[in-house]
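Mind having a look at this structure? Questions to follow.
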Amino acid sequence: MSMDVKALEDDRHHRYVLNMGPQHPSTHGVLRVLLELEGEYAMNLLPVLGYGHRCHEKIAEFKPAKSFMPNTARMDYLGALIYNHGFAQLLEKAAGIEVPERVEYIRVITSELNRIQSHLLWYGAYLLDLGAFTPIMYSFDDREHILDILEDVTGSRLTYCYFRVGGVSKDIDEKFVTGTRAFIKRLRSRFPMYEDLVNGNIILQKRLIDVGELTPHTCARYGITGPLLRGTGVAYDMRRAEPYSIYSKFDFEIPTGTKGDCMASFMVRFHEMEQSLRIIEQALDGLPEGSIMAAKVPKKLKIPAGDYNSSVEAPRGELSYYLVSDGSDVPYRLKVRTPSYSNLSVIPEMCQGMLLSDVVSAMGALDLVIPEIDR
Amino acid sequence: MDINQVKKQWQKLSTAVEDIEYAVSGHDYNVCLERDKVRDFATLMLNEGFYLVDLMAVHVTPAIEVVYQFAHFETRCRVLARAFVDDKVEMPTISDIYQGANWHERETRDFHGVVFIGHPYLKPLILPEEDVDLKPLLKAEAKLKDVDAVRRKPPEPAPAPKAKPAPKPEVKPAAVKSQEQS
Amino acid sequence: MKSYFSELFTGAWSLILGLKVTIKALVSPIVTVQYPREKIVVTPNYRGHIDLIKFADTGAHKCISCGSCMRECPSDCIVVEGEKREGVKGKVLTIFTLDFTKCSLCGACVEVCPTKALDYSDEYELAGSTREQFHFDLLKRVEERE
Amino acid sequence: METFYSILPELIRIVICAVCGAVIVFGNALVMGYAERKLAGHIMLRPGPMEVGPHGIYQLVIDGLKLMGKQLVVPAKADPLLFRFAPLLAFAPVFVPLLVLPFSEKIQGFDLDIGLLVILALASINLLAILIGGWASNNKYSLFGVFRAVSQNVAYEIPMLLSLLAVVFMTNSFSLKAVVAAQSPVWFIVIQPLAFLIYLVSIVAETNRAPFDLPEAESELTAGFHTEYSGMSFSLFVLAEYANMFIVSSVATVFFLGGSSGIPLPYFEYSGIIWFMLKVYSLMFFLVWIRWTYPRTRFDQLMNFCWKYLIPFALVNLLITVVMVKLL
């Protein structure tokens, strides 16, 4: 595992070190991976992180906890609302605030839309990694509809700051509901097209099947969660395992794979979009009337001393906020457990002995969002 | 996984095991460890099928506290394990048991300066190479709190692992008091 | 041997299905918008940077320079100053600036405002070559506005 | 002097052919560059180039001017001589195959008896240029691109040759004109559909285009063998790629689609070129179409496909053809 570029080049002349990133097309951001290659086989990998670290955890220790909300969106720009959700829930749990039911419904609907949006982007970007240029345009076409819907209610398109402690900042209206229903119909009608163009494609299947296999035990050792874990056959989804918000009310399946290879996680993500659509449909049907803000949210939100944890299912796996409070309104310590961080750490083991092309497809299957790793 | 059985084994390894209310804190169990038992504890957890959620440090007096979080794939069981570092700010590594801890430990070394003994590659992960001694998340003297100030229950970590119902948020006075003590 | 041929045929068929999808797309209308010439109507709920509202009845803003927004802002990007003037009740706003380079568009200031004097602007075509271009003087903007 | 006058007509012919060749190479690059971007755009539900001229038709001219104006950057540790030489080597040989192509009955530079061999021999020089360019760049990504390009091109030349050979056995000639003439009742695509398919797959690999664009797989190797090239030296590679596409498509037209034959037009000896070009550009449209549809294959799968599927099938096809030719 330990790997020093210079020592390597001196020692093993027949191997050579390829520097992938930080500006490589398939590292999706400022991630750098040092590859030790023998021919085209990667014998060793060393990810180098920290190019985009923004010290969110340090920032959190210097301002009132509820002012940290916009920062959560910047950690994972694709799952901003889900990050909002986790953080709002953490503070509500800590301060003992009851959230109105309508708020929970709105949160679930928007979070699930956000999840589909994230999966659509991954879908396109992953195929771009695999050399297909067209699907990303189709998935962006669909994704644009979600962004329009969400923009109409949250006011922004990517780094949403929509949830508040105890509520949401703006109520949804009839236009949102009809727009979302229309979108559900549209996306459902698009799935067969994706199946034809991409999922059934023999080249894609050859590229993904048996590549980057994981086992549940490996996942436990590395703390891998999310679609990668579900691809190995473990139906572990925070929405089911520790039902937060109102997820226990909805009927949805947790798609799982069997082999744990790239194809399994690929299909898990693809089917998750359908399941998210189901959740949204049910939530829209059951949307209650009511207030969008909890009755008593103190202006200065003091958090009783102690430690609190809030875990939600982000598009890439389990997201946990761990807050240590000393009784003031400023967190004493806030740690964000981001899924991509743990997921990426498996790369050296997962990709050992793989072809360079497979390293690219395995890395794409992790669905990396680098700001989430360099938080 | 039989939780009672596992709990008995935890009790053998730890100084205190307490049940905490999930609805309040988001954890089910709190386990206080001695630092030489951390590796045994991690091995036990891996054998029981827990995965490592997170590994982090909190800077408090008397010493930096390293916090391990575990959860289980099949049943809801969130475990919080804590241990204090020794005078030399050292801690045994668990990165050979839970490989995922590798990066968490490197990050903790970056931010808090905790040295994990036995770690295969304890080089800066997030920080650049030249900032080895920056330790950005260490608290300034004025802001540093005693460990009891950030605990939910009143001070004196009793060895008796009696599960108390999670106290209501009236811990503040206690927190202030312990601050004065320190 | 059987799988050798069946793979060839299923593979070839999957490729043909893919070609069908793209040829259909080739003849279907485009979905993109030619930006500088065509523009999408931006939703009225769009949250740009903040602006003081010019109320039609009074022809002025309603800021009482209480500084709530300044205190609420997570990024310290608002500066509000007011002064007491004779003959005027309350404080008169003298400075209201926004450092948009630091703003994270969370909307906390708009929500906290006791007189609802703040609103989001709908400007989205913001580009500049210096940082100073994004240090908005909102007071000046509200005075210059129609 | 006497000898000079005797070869003068031949010289003039060569000059005219060279000029026409240059026109075809550059014209083809302009047309294909524009068409590819436009088609790719519409496949992706966007309009493609729209800014320069009506529907962006001058885009390629502007791009060409821009590329000419760019500095040729030679990396510090590159081999400067070979680095500059490689694009020229890639570009220069593409003219010669154009000389032997029968665009119509009367429009042909030279009707050589070994026409096909000339084309195949010169098409392989492009590979050497890639090898030199990638090696001289002193970049690891370029080097990987070169590894892949060489093994891929060498492997795929075999099924390509074998499939053409089946036709040659039927016509008993390497002369392209003779091949076209032999297709007067039916085109060879009807008699040799398997050979045509094999040839079609092989040319995708030969021209390094998606889904077989491994030498320049940008998500793996950033830009493969031309990572370090800029300005005109980069565009020479692109010109060569389009010219090669044109040549291989022309060969397919000549061997399988009946060359310039088609519904007779006035002055058919000359106007047959319309049919010829139509067929060539239909094939090129197909190449563009599949490029923007499929993901990229992996290297070992590409080679497996060649050795396990294409070559056996091509050999079987050749064997059957030989037997049939002998019997009939």
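For clarity, chains are labelled A, B, C and D in written order, and residue numbers in each chain start from 1.
Just so it is clear, a residue touches a chain if its C-beta (ideal position, glycine included) is under 8 Å from a C-beta of that chain, and two chains touch if they have at least 3 such contacts.
Here the structure is a predicted model, which is why all the values come from computation and not from measurement.
Asks: Would you pick out the chains that touch chain B and also touch chain C?
Replies: The shared contacts of chain B and chain C, listed by label, come to A.
Asks: Averaging each chain's C-alpha atoms to get its centre, pick out the one most distant from chain A.
Replies: The chain lying farthest from chain A is D.
Asks: Where's the contact count highest, between which chains?
Replies: A-B
Asks: Measure off the straight-line distance from the CA centroid of chain C to the CA centroid of chain D, and report it in whole Å.
Replies: The answer is 50 Å.
Asks: Go ahead and note the Å separation of the Cα centroids belonging to chain A and chain D.
Replies: The mean C-alpha positions of chain A and chain D differ by 44 Å.
Asks: Between chain B and chain D, what is the gap in Å from one C-alpha centre to the other?
Replies: For chain B versus chain D, the centre distance works out to 65 Å.
Asks: Between chain A and chain C, what is the separation of their C-alpha centroids in Å?
Replies: That pair's centroid distance is 24 Å.
Asks: For chain D, jot down the residues that touch at least 2 other chains.
Replies: Residues 43-46, 292-294.
Asks: Which residues belonging to chain A are in contact with no fewer than two other chains?
Replies: Correct list: 134, 138, 141, 197-198, 201, 203.
Asks: For this assembly, give the contact graph shape among line, ring, star, complete and other.
Replies: If you draw each chain as a dot and join those that touch, the picture is no line, ring, star or complete graph.
Asks: Throw together a list of every chain pair that touches.
Replies: Contact pairs between chains: A-B, A-C, A-D, C-D.
Asks: Using the touch definition from the top, list the residues of chain D that touch chain C in their complex.
Replies: Answer in residue numbers: 39, 41-47, 50, 289-290, 292-294, 309.
Asks: For chain D, which residues count as touching chain A in their complex?
Replies: 40, 43-46, 140-141, 144, 147, 210-211, 213, 217-222, 292-301
Asks: Residues of chain C touching chain D in their complex?
Replies: Touch residues, chain C against chain D: 8, 15, 18-19, 21-23, 25-32, 34.
Asks: Which of the residues in chain A end up touching chain C in this complex?
Replies: Counting only chain A, the residues touching chain C are 63, 67-71, 73-74, 134, 138, 141, 148, 151-156, 159, 161, 164, 169-170, 193, 196-198, 200-203.
Asks: What residues of chain A sit close enough to touch chain B in their complex?
Replies: These residues of chain A touch chain B: 1-3, 49-50, 53, 55, 57-58, 61, 90, 93, 95-96, 216, 219-225, 229, 234, 236, 241-242, 304-311, 318, 320, 322, 324-327, 332-333, 335, 337, 341-342, 345-346, 349, 374.
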